[in-house]
Structures are given as structure tokens and as C-alpha cells.
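Contents: one structure, followed by commentary.
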Amino acid sequence: MLTYTHSHRVRYRECDPMGVVYHTHVLDWFEAARTEALREAGLPYKDVEASGIIMPVVEATVRYHASVFYDDLVEVECRIEGVGVRVPIDYQVRRQDEDDVLISGRVTLCFVDPERRRPVAPPEVFREALS
Amino acid sequence: MLTYTHSHRVRYRECDPMGVVYHTHVLDWFEAARTEALREAGLPYKDVEASGIIMPVVEATVRYHASVFYDDLVEVECRIEGVGVRVPIDYQVRRQDEDDVLISGRVTLCFVDPERRRPVAPPEVFREALS
Amino acid sequence: MLTYTHSHRVRYRECDPMGVVYHTHVLDWFEAARTEALREAGLPYKDVEASGIIMPVVEATVRYHASVFYDDLVEVECRIEGVGVRVPIDYQVRRQDEDDVLISGRVTLCFVDPERRRPVAPPEVFREALS
Amino acid sequence: MLTYTHSHRVRYRECDPMGVVYHTHVLDWFEAARTEALREAGLPYKDVEASGIIMPVVEATVRYHASVFYDDLVEVECRIEGVGVRVPIDYQVRRQDEDDVLISGRVTLCFVDPERRRPVAPPEVFREALS
């Protein structure tokens, strides 16, 4: 299992006329969090692509429990439990130094051969890094 | 029940180094589709906010079944079955004149009093327009 | 010379806590306008890339004269005067059926060989289409 | 005069089918850089708005000298020379530990009274902080 916490300062461009984060931007935070989690595990995504595999998103779910405001400093915790052809990754967003989960979600990636656009087994290094 | 189909031309800015639509932008298409669906039903969202109610997104799920490419002309069908405090809206994305559903999803909105940030009952005009 | 007017409905995701369009999104409108202008001229950008040339942006300037609001229906007029190694394209944004220019700008593209990442002369079809 | 350097890791969502940063996202980096520059100077933008003044962008220019790639770690230097009704801010983007300026630009903000949507003189604290 792999966990990682990514910090993010909420930007003006991410906030809408309600004065809160517009819902789509949270998926950007999730991308940053899993990218840094993989780097930390010795698997920078850039190297994954260089090795001839791509990892598109096949499913995403986000639940918005409470509003996040402009200039909030949030922590995006991501957790990877295991790896198959699919890699589900779970996320929880909290305000720094607070316990309440403001947003939670899961984004599932898939290992794909970019030439044939077909799912493939995960590279061995992935299994090792996450076990 | 209310259904509406919104057309969208895939833009360069929406495509990633894999040469396909980056997953987050699909939520933007869903926003455009439901906004036009509500306008068609005589309920422009701008008027909803002017009447003192906001409709934040409380949950979103997207499933990516197949790739969508740069310059594709897609049709985003949205369907609103009914209205309570929550308004779940379903979406299906197809390439124009094709049957395959490339992407499907659900985005659930909620009627909220912006002052108290509390859920409220749907305005009567909503019930009428959608029945 | 080539002129083209692209219509755009301002989306919620484009508006910020000031209740107006956040400045970066205007460049997205410019992209849509020039893409449709080129298509109209028989030069869809997808075909340009397929012919082995890319057209990155080398310079962009935008001037914001007045606010644009949520749900406004705007017209983005784009104008291509001529074509060299660089292609400067001018834009003016107006609210539909109004005369005031709310936003103006110029985005300059360049013809580039993607292998060598070097500027190249414009394809002959471009010169013909724009003269 | 005020200078500040903001670090940014280039994200997948920011890159286009050419494999490089799509031009619009650079304006997001500029926003992050000036926001942190103002915070460092004791003028968090959130407090500026709370004091009854907004600072919309009135003009933006960006020049793209060289490509920036996925996963690059860039440094965005911003420089504020002085403050009048308008606040021009200059930016230079470099790859970490490299000298070449890859992108440069200027974004000009304006002090505005949000009620009357009229320019106003800069608050005294701004003059002090930047002198």
C-alpha cells in the first residue's frame, strides 16, 4: 500500500461566483497527488510512459461534503491499495490541520499499450513498489 | 423527465499528450449540457440564482469507455429523471451519428440556500417544469 | 484576409468570485474562433497537423476593456490579415447585438516542423486560402 | 520593488498533443506567482478583497520562446516595479537550475471598487509594502 499527502493552495481561477472551488478542479488536485505519490515510490509517470505504457483514467468519482474556499491550504491524501490491470486510487481532501474530510473520491487508472489501445498487465516494478 | 442533447467540438486545449481528451474536461461538457437543458425547460440557471437559490455539485461520477479525439464532434445527452432536494443528472457522450457510448456519467446537484449554506426544497417551478 | 465570428455562451466554470469571466478563459475562446475560421477556409487544423506541420502559439496579448458576465452570449470575431512564417490573428469580443468591444487581443502562431522544432515556411494552401 | 520566485511542476493536464505545455496555462502560473509574491509582502490578496477592493486583470501579454515539457520543474519569477492605479507585473519562466528564459510576460492588474466597477487609487499599505 502507498499513501501520500499533497499540499495545495486554492487559486482564484479555481473559484466560482459562489465563492468556492468549482467542482472540476478537484480532479486536478487528484492528478497532482497521485503523480507525486508515484514519484515518491520511485515510479515517476514520465518514466512509465517512456517504458511504453500509458495510464489513462477509466473511472472517476468525487463526493463534495463541504465547501472549499479561495486561498484555503488543503491537503490531498491519496492511497493506493494494490495494483492489477486497473489501479484504483482513493483521495481525501482536508483543510490543513483540520480533521474533517471536505471532499473524497476515487480515480481508477488502467495500464494500456498505446499502440494497440489495449489493457495490459502492470509492469513488475509497479507490483514491487506497491507491495 | 427532461432530456437534452448538447453538441461539442473537441478543442486542442482539451487534449493531452496521449492525443485524446483529458478526463477532467468531460465535466465541463456536462455543465454545458445541463445548463442548456434547464434553459430549454424554461429554467435558466441564472434565474435560479437570481431567485436566491444556488445549486452546487455534491457528487460526480464519470466512466470513460473509449477515447475521444481532437476535433471530434460529440453529442452530450443529458437526462433529468426527477427532482428532490438532490437533482441527479445522467449523461452519455457519443460521436455524432454513431451509437457507441464513449463516456457516461452522473452529476448530482443540490438546492442550497446560499446564506445559510443549507439544503432546501426545490422551487415549485422546478417540479412543474420537470413533470 | 479572412474573418470569422464564433459564438460562445459564458459558462459557470469560466466565472470567478468577482462574478465575471476569469481572464485566462478568453484565450480558449480565441482558440475556438481561429479553429473554426480555418475550417471555414478549408484548412481544418487537424489536417494541417496530419500534413506534418504544427502551429504553436508564440505570442498572445489580451486587453480587457469591460467585464463579461455569467451566461452572456458573446461573439468572438477573428481576423487573419496575412500569412508568413508567423500568423498573427486579431480578436474582438462583443456581447451579441451590441457594438462595444469588451475584450480585444492578438494571438500569433508560427508554422513549425515538429521533428526539428524549427520554424518553416507556410504551406502553399495557406497562402492561397488567405489571399 | 518586489520580486518573488514561484516553483511549479508541469502537470499532464497542462500538456497538449504536441507534448508541451498548452499556452493558456502559463497565465495560471503567473497568478500563483503574484499571489505568493503579495502574501510574502504582507498583502495576501484575500485581505485586499476583504478590505473592499478587487484587482481584475486589465491586460496580459505572454511570449513563448521555447517549449516547456511534461513534468518539467519550472521557476516563475515575478517582479513588481511600482504601483499606481494600475499594477504591471513582469514574469520570466525558467527550467530549474537553467538560465534560459523559456517564457516571459506581463500581466497588469487594476485597483477597482467592486460596487461602482471603477478604478481607484491603490491602498496606502500597497505603496508602503512595495517601496
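Note that the chains take the letters A, B, C and D in the order they are written out, and that residue 1 is the start of every chain.
Assume a residue touches a chain if its C-beta (ideal position, glycine included) is under 8 Å from a C-beta of that chain, and two chains touch if they have at least 3 such contacts.
Keep in mind the model is a prediction, meaning the values are calculated, not measured.
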Minimal step count in the chain contact network, chain C to chain D: 1
Partner chains shared by chain B and chain C (touch criterion as defined above): A, D
Whole-Å gap separating chain B and chain D, where each centre is the average of the chain's CA atoms: 32
Distance from chain D to chain A - Cα centre to Cα centre, in angstrom: 27
Approximate Å spacing (C-alpha centroids) for the pair chain A, chain B: 23
Residues of chain A engaged with two or more neighbouring chains: 12-13, 17, 24, 28, 31, 70
Arrangement of touching chains [line / ring / star / complete / other]: complete
Chain D partner contacts - residues on chain A that touch it in the complex: 9, 11-13, 28, 31-32, 35-36, 44-46, 70-71
Residue ranges of chain D touching chain B (in the complex, touch as defined): 12-13, 15-17, 19, 22, 24, 70
Residue ranges of chain B touching chain A (in the complex, touch as defined): 17-18, 20, 23-24, 27-28, 31, 49, 54, 56-64, 67, 114, 117
